[in-house]
Structure formats: C-alpha cells, structure tokens
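My questions all concern the structure below.
First chain written, first letter: the chains are A, B and C, and each begins at residue 1.
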Amino acid sequence: MTVDQLINWLPFGTDWPVITFLTAVIICALPVFLFIAVYALVAIYGEVKISSFMADKVGPMGQGVGFHAGKWGLLQPVADALKLILKEDIIPAAADKKLFIMAPFVVFIGAFISFAALPFGQNTIIADMNIGIFYILAVGSLSVIGIILAGWSSNNKWSLYGGMRSVAQIVSYEIPAGLSIISIIMLTGTLSMQGINEFQQGTIWGILPNWIIFNNPFSFIAFFIFFISGVAECNRTPFDIPEAESELVAGAFTEYSGMRYAFFFLSEYAEMFVVSGVSVTAFLGGWNSPISGFFNSPGWGVFWFMGKTLSLVFVMIWFRWTFPRLRVDQLMSICWKVFLPFSLLNIFGVGIWILITG
Amino acid sequence: MSEDQDKFIADVVEKALQGDMDAINNIEDRVTRSKAKAALVKAKREAKAAATEDTSKSEESKTEESAPVVKSLSEKVAACLNEKFPNSLESEDVNGYIQMKDKNWFEIAQYLRYNLDFLFDSLQCVTGYDFGENEDLEVRYNLHSMTHNHAIEIRIKTDRNNPKVPSVEQVWRIGDWFERETYDMYGIEFEGHSNMTRILCPEDWAGWPLRKDYETQESYHGIVVPKVKDGWE
Amino acid sequence: MGVVHGDLMTLNIGPQHPSTHGVLRLKVKTDGEIISEVEPIIGYLHRCFEKHCENVSYEQVIPYTDRCDYIAAMNNNFGYAVTVEELMEIKVPERVEYIRVIVAELNRIASHLLALGAYGLDVGAFTPFLYMFRDRERILDLFETLCGARLLYNYIWVGGVSHDLPPGFIDAVYSFLDYFEPKIEEYNELLTYNKIFIERTGDVGVMPPEVAVSYGVTGPNLRGSGVKWDIRKNEPYSIYDKFDFDIPVGAGKMGTVGDCWDRYYVRMVEMKESVKITRQALKGIPTGDVHQALPKKIRPPQGSIYKRTESPRGDLAYYIVSDGSPIPYRLKMRSPAFTALSVLGEISQGWMMSDVLVILGSLDIVLGEIDR
C-alpha cells in the first residue's frame, strides 16, 4: 500500500487537500511508530539474550511466582522501557535548553522517516519514490545533526568529544556507503527501492538467486563496504567511539536521562534496522525469496524481508559482543584509506562489467 | 608444677638455640609451646644484645642485605664514598646500612647510580622515619642494582624543625613520587624537587600525619573528626 | 604532526569514570584528541594504612594488608607474614610454605584474570571480561571453602595460616587447573590475537626498560619491557626456589618491546606459569601442622627489615622497624602499583585520548594499594 493509493482512496479527495494529506500521514506514521517501538523491544531483548549466550551466562530470567521479568525474562525490555519512561528527566542547569530538548527528536526523526521508503514487501511500502534509495541516504544522515546538537548543548566536555567524533565518523562513512550504492544504481538503472527489488527477481544460471550481491564480484565487495559503513553510521561496536563507554562515559548522551535517553536508544535500534533493510534491498534481494518462485507471494515477501533484515541486525549484535573498539584515527584511516579507494574502484569495475556483459 | 615447666622450657630453649627447633615444635601442650617459643625469642635477643655492645647498633637485624657477601658491599660503598666525598658519612661504621650526611647527597646519588661497580639503577623505596617526639627525622633509601643484583640502605638524618634533604628526583625518576609521599607524611622537604606538594592527603591538610607528635585536626572543612579512643589493642 | 597548537583543553578523567579502575583522577591536557600532558592525582582512597599500623599489633596489621591490594589479598598477606617472620627469625613448618605458595599463585591467577578482563573492557571488548570473571569466580569459590572469605582473606598469618586446607581442597584445585589451562587458549583466540586488539595495543605506550627501571616499575610491567626480573627467581623467598618455572618477558611480538600488548601478554603467560607452580606445590605438599608455635603477642626483636616479595603487580615490599614492643614502630609498604602509576605521565604523552586509558589499563593498577 503506498501513500499515493491511500490518498486516492480517502473520501475527502482533492477537495480538502490538507486534511487528506494529514490523514494519510497519520495513517502511515502510527503503524511505523508502533512497529519501531515493538521492534526495539524485541531487539533489546534479543541483544540482551544473545550477548548473554555469547558471554556464557543466561541473561534475564524470571523465576518462581510473582512480579518478575516473566518467563525467560521476556518482560525485561518492557520493564526497561517502563523504567526509562518513569525516570526523572534531568536537564543540566548549564545546558542550552532548547537544543538539549530538541536533540533526541532530531535524531529520532532521521531514523523514523527513513522507514517511509523501506520496501517491506511487494505492496507494503509507504512511498515508492523514484529516488527512494537516495532519500534514505539523505534523511539517514539527519541524525548527525541531532547528535552534534546533543553533544554541544549538554555543555559537557565528554558530550562534546562524543558529538565531534560522531559527526566526523558519520560524515566520513557516508561517502563509501554512498559510493557503493552508486554501483548498484549503475547496475539496476533505477533509484527506486521497488525497482531495485524487481531487478533482483529470477535466478542466475538457474541456481543462485539473482541478487545483486551475486551479480558480479564488484557488488560482492560493495556489499561489505556498505554494510560495514552502515555499522559505523549506527555507532555500533567496533565503531562505537562516539559512545565509547570506557573512554567518554556515554559520549554525546552523557547528560541525558529517562525518556530523552530512551529516544537515542530507540533511534539507534531503528537506524540499525534501516541500515540492514537498505543492505537487504540493495544487495540481498529485498523481499525476493532465496529460491526463485518459492513462497514468493506478497505476504511471504514481508517475511523474507524481515527475516533477512533481522539476520543482519543479529550480525550487528554479534559484532558488538565480539570485537574491541577501534581508535578514532584508525577508524578514519579505514574509511579514507581503504573503503574510499575500494568503492571508487568498484564503480569502475561495475562500469566495465556492464559494458562487457551488456 | 610451674618450676618443672620452667625447667622444661629452659631445656627446650637450650636445644632450640643449638638448632633443634623440633624440640619446641613437638611440645603437645599449646600454652607450654608458646611459652617456650617466647622464651626462645627472648634468649635469642639477649644473645644478640650481648654480641653487639652498642644497643643502638642492634637495631639492624639480619636482613638479606646483611648476609656476608652483601654486607661487605655496604662497607665497600662506604669506603668508596669516604674516598670520593670526604666528610659525607655520618659514621664510618657500617652496620647493614650507611648513615650519611645530607651534604652532597645529590652528587653521591648520581655517583651510586652511574658508577659501574655499583650501578644502583633502581630506587626501591624511600621511607620517612621519626625517632620520636622532639627527636630527629630520617629518610631511608633502599637502593638496588638490577645488573649486579645487590642492594644497600642509606639513611640520612635531618633536623626536626627544619627538615631538608636534597632531592634525588633527577637521578631516579620514581624519587619524584616517593619524595612527595615522604613530604606528605613527615614534612621533610626535598630541596630541588620540581613539585613539592602533598600527594596522598588533600592539599590543605594540616600537620604531618606520620610524625609521632601528630595530632588530628578537630575538623576538616566542617567535618568533625571523631575522637580516636586510646588503647586499640 | 605539525607544530601548530591551539589552546589546550584541561580534562578531568575521574575521580568518577568508568575506566579509571577505582577513584583515580587524571588531569589531562589535550589538544583535540591528542594528549600533551597527563598528571595522575591520587589519594582519594587514602586510609592511613601506615598510621593504623603504628597503632595496632603485628597480627592486627594483616587485615589491613588485605585492604591495600584487595585484588590479590593473599599475596599481600604473604608478603607481610614473610617479612615479619624474617624479622623474628622464625621458620614456619613446611606444610605452611606449600599452602602459602598454592594460595598465592591461585590469587595471582585471579588477579591477572581481573586485570586482563578489565583491560579488554578498556579496549571495548565486553565478552572476554565476562569469560575471565567466570573463571575467577571459581578461584574465589575455592578460597571461600578455604577461609570463608571471597576477597579479603586474612588467611596467611605470621607463623602459619589461619586454617588448614579443608578436605577435598587439593582435588578441587587440581580439577580447577585442569579446567583452567585450556581456557587460556580460548582467551588468546578471543582477545589476544584479535586484529583490532593488536591495533589498539601493539606499539602503543611503549615503555623502554631504562625508563621502567628508573621509575621503579616492577612485576609484569617491567617484564613486559623485556627485563627478566622476578623476585620469586632472583631473590627467592618462602620455597619458590624449589619450583621449576619460567619468567615470561615481552618480546615485541606485535610491535615494540614494552608496548601495551607485551604487558598484557606477559600476564597471560604468567598465568600458565602460576598453574605450573601450583601443580608442583600440590604434588609436593607434606602433612603436618599449619601453625608455628608463637607467643600470643608477637614481639619481634629490635631492628628493621626491608623485604620484597612478588605480588601480581610487582615488588611488594614492607619496611618494618620494630622497637621490641608488640606494635610496629614504623611500617612502610612499597606498593608496586604506586610506582607503576607514576610512569603513566611519561609514557602516555603524545598519544590519543583513547590510548591513555588503554595504557592506564595495561599498567594494572589497584588504587587501594596506591593510596593505602
């Protein structure tokens, strides 16, 4: 269901364009918001449990009768969320109040509106823009403004450090990410998310699914560059230097508490989903089934998309609990000295590939 | 009974002094055993006090440094210093440690640090010491050589009312913190130290805590210090 | 790096900070991310250990030594007991010596596990920390059966140990060692040879041997700089001369000799050596009494002594002056972490923000011992 169809379907029609527009926006935004909230709870629970199993412990467990974390600690994320909502909201006296209050929302909005162009299934997309992938890259980097606002307005040296590092990191990693997407666009000839998905239908030589990652060796490399840059943009370990709890306490978020902190948290998880979703769409066939023609109905498309995306989210969690953290200069040198030249080469490579294979 | 016991203990101690410690360790009764032990320690101390006429000298017990080979090291160092820096030693009598005047200490330290025969490249410890109220303070340096694996102890007395000792911060870098700690605890000023400030106590702490005549402040920044009861034992 | 410097920013790392390993404050002058000066400010945990000691009897000092280096309390007890015994010129029964060596080496493993785990945390790796704590827990459980305490044992007394080994203890230690030895390889795979970890620690915070000696740095930190120096070998105390073990030294495998990785790796190998010593001690342990007969009130003869022992952090020395009374006239503790921290300012100059904490972690300091 796309927004265009919704607007056409609404009874107000073109007589009251404003009301039509607002209704359509609310109808789309509410489920997305609910989805993010539920997904974040699941992801937090998953992260806690996965990390526990990786570290040879059991994680939250409910035991016996009474008000506890539920079976297998299933209610733990709910309790966490409740705690964050009920916590006192502290604004430091020396903080720049307006910016301080604004920052978490700016960060969240960046992640939130990215969902508009994510193709969950053949028909399940809010707006199939003709510049979908470009749109996601553009609004995805909005969050950097929020983080620097948070870092600056907290009036705390640690926050400032975190904010500055974060900006440097996200802006740098946008470039290899964008360049590896360019090679996709060259291949598919479209910027639309659905267009990219449709390109990936069918099989290669009848065996492999016709996903872009298998299409040519260059896009195989491009996938890794894009995904790792995506991890860096989410500020996840091993690229979590903006938060770096052992160095910067909590980086840009040091002074935040309660609901505002929860928003940063929420947007981090939302951003993980967006990055994974874009990787899946651009490289791993999106809503296409791994076996061509097998359970490839629109309904199953949502399943495939979610399955692939959550697997990538799992990989990110896996990273976090396995790797140490990089240093800020090492992070930059990986970006500028390794990823950037390789993604430029990739573009050439893909160009030549297209020329040869026609 | 008690006389018997005393005799028995005396017997056992005699044996123990000759090296048969089992005689004591085999005593079944705990009380008797500990009495015998105490008697042994006493006997040993007396024997030792008798051996050294000057009681002040008995202060130095047998440490590793005073083992025959190393003991001669202290003497060697003392002799060498006497030659190189005349008048720098308080007494030429070396008894496991070298008692030195504070004059020339920096030069001597440099000499000890870089002289190839001694090469005391490691300053192990700096200990402040208070002989008691109204008496002198002392700084004790434990030097050690990583190359030769030998060690000496050097002691420098200083006046209680104006305690000043040359700093060896520039010779051994660890001297920096050790001297600051000694200053913090005893108020001994190390001349030539680059940053002679308190290190463990807060900067505005009053008094020198480890001096024997130290009295606790009554209050510190409005916090009343609780009185310490006498006789903790 | 150019010579242009703007104004330096002063940043206080600590006293409340996740990775200062206690209440330590680092006054750091930074130029952006580059550190130009680090000044450790200590004393937040100062509890007048030495003053206390001048007011309590010799036996009562032991619980205080626990609280100095609370990570390796056994080794602190051990050092103190050995010093007082030497001052009193008494020899303890052989069984006591063996028990002491066993618990001291187990405590060394526990201490190194904490050091390495917390180091992983400093570098940002969370999981190794939990793995190492899992295994450290087993040692603490062993100590709990031994003396009832998990952290501050008050176990090694002058002239003996507080309790004999409980039944089954030796088998339990054997089974722990069998369990533990393969785990070291697991840590190596997970953290030691991780590329990112090597990038973060190799070549970082190099401490040349001359600097280390001049700053009085001892223990694994000194050995990490390639100096083969271990009190257990060079000046054997207790019965360490009976055991066969190696002294691991840093070799610059992942960079320069004396970098953070070397200091880290020396500890890793040292755990293996401790396992070796413990096995030998378990094999040779004789039966007998665990208390040397001593008077109720210890009165060492007049005199002074400076005695060094090897704690997990280096040369732990006690300087004790006795005036013949049951109370020490002067007791000075030369703590290895104190000297190790003093070198931080020297070796962390010019590194980046994140490196300072990595270097600090590699020195493995315990603030309880520094501030005393």
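FYI, a residue touches a chain if its C-beta (ideal position, glycine included) is under 8 Å from a C-beta of that chain, and two chains touch if they have at least 3 such contacts.
Everything numeric here is computed off the predicted structure, so don't read it as measured data.
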Just list the two chains that share the greatest number of C-beta contact pairs.
B-C
If you take the mean of the Cα atoms for each chain, which one ends up farthest from subunit C?
A
Measuring from the mean of all protein Cα atoms shown, which chain centre lies nearest?
C
Between subunit B and subunit A, distance of the C-alpha-averaged centres to the nearest whole Å:
66
Just how far, in Å, is the C-alpha centre of subunit C from the one of subunit A?
45
Taking each chain's mean CA coordinate, subunit B and subunit C are separated, in whole Å, by 24
Tell me, which parts of subunit C touch subunit A in their complex?
9, 11, 17-19, 33, 120-127, 130-131, 134, 190-191, 194, 196-197, 199-200, 352-355, 357
Give every residue of subunit B touching subunit C within the complex, in rising order.
21, 24-25, 27, 30, 33-38, 41, 44-45, 48, 58-65, 121-125, 127-130, 140, 142, 146, 149, 153, 172-174, 176-178, 181, 185, 198-202, 209-210, 232-233
Can you name the residues of subunit C that touch subunit B in the complex?
42-43, 46, 48, 50-51, 54-57, 60, 86-89, 91, 93, 211, 213-216, 227, 229, 234-235, 289, 292-296, 299, 301-308, 315, 317, 319, 321, 324, 326-327, 330, 332, 334, 338-339, 342-343, 346, 371-372
For the subunit A and subunit C complex, residues of the former touching the latter
51, 54-57, 157, 161, 237-238, 240-241, 244-247, 249, 320-330
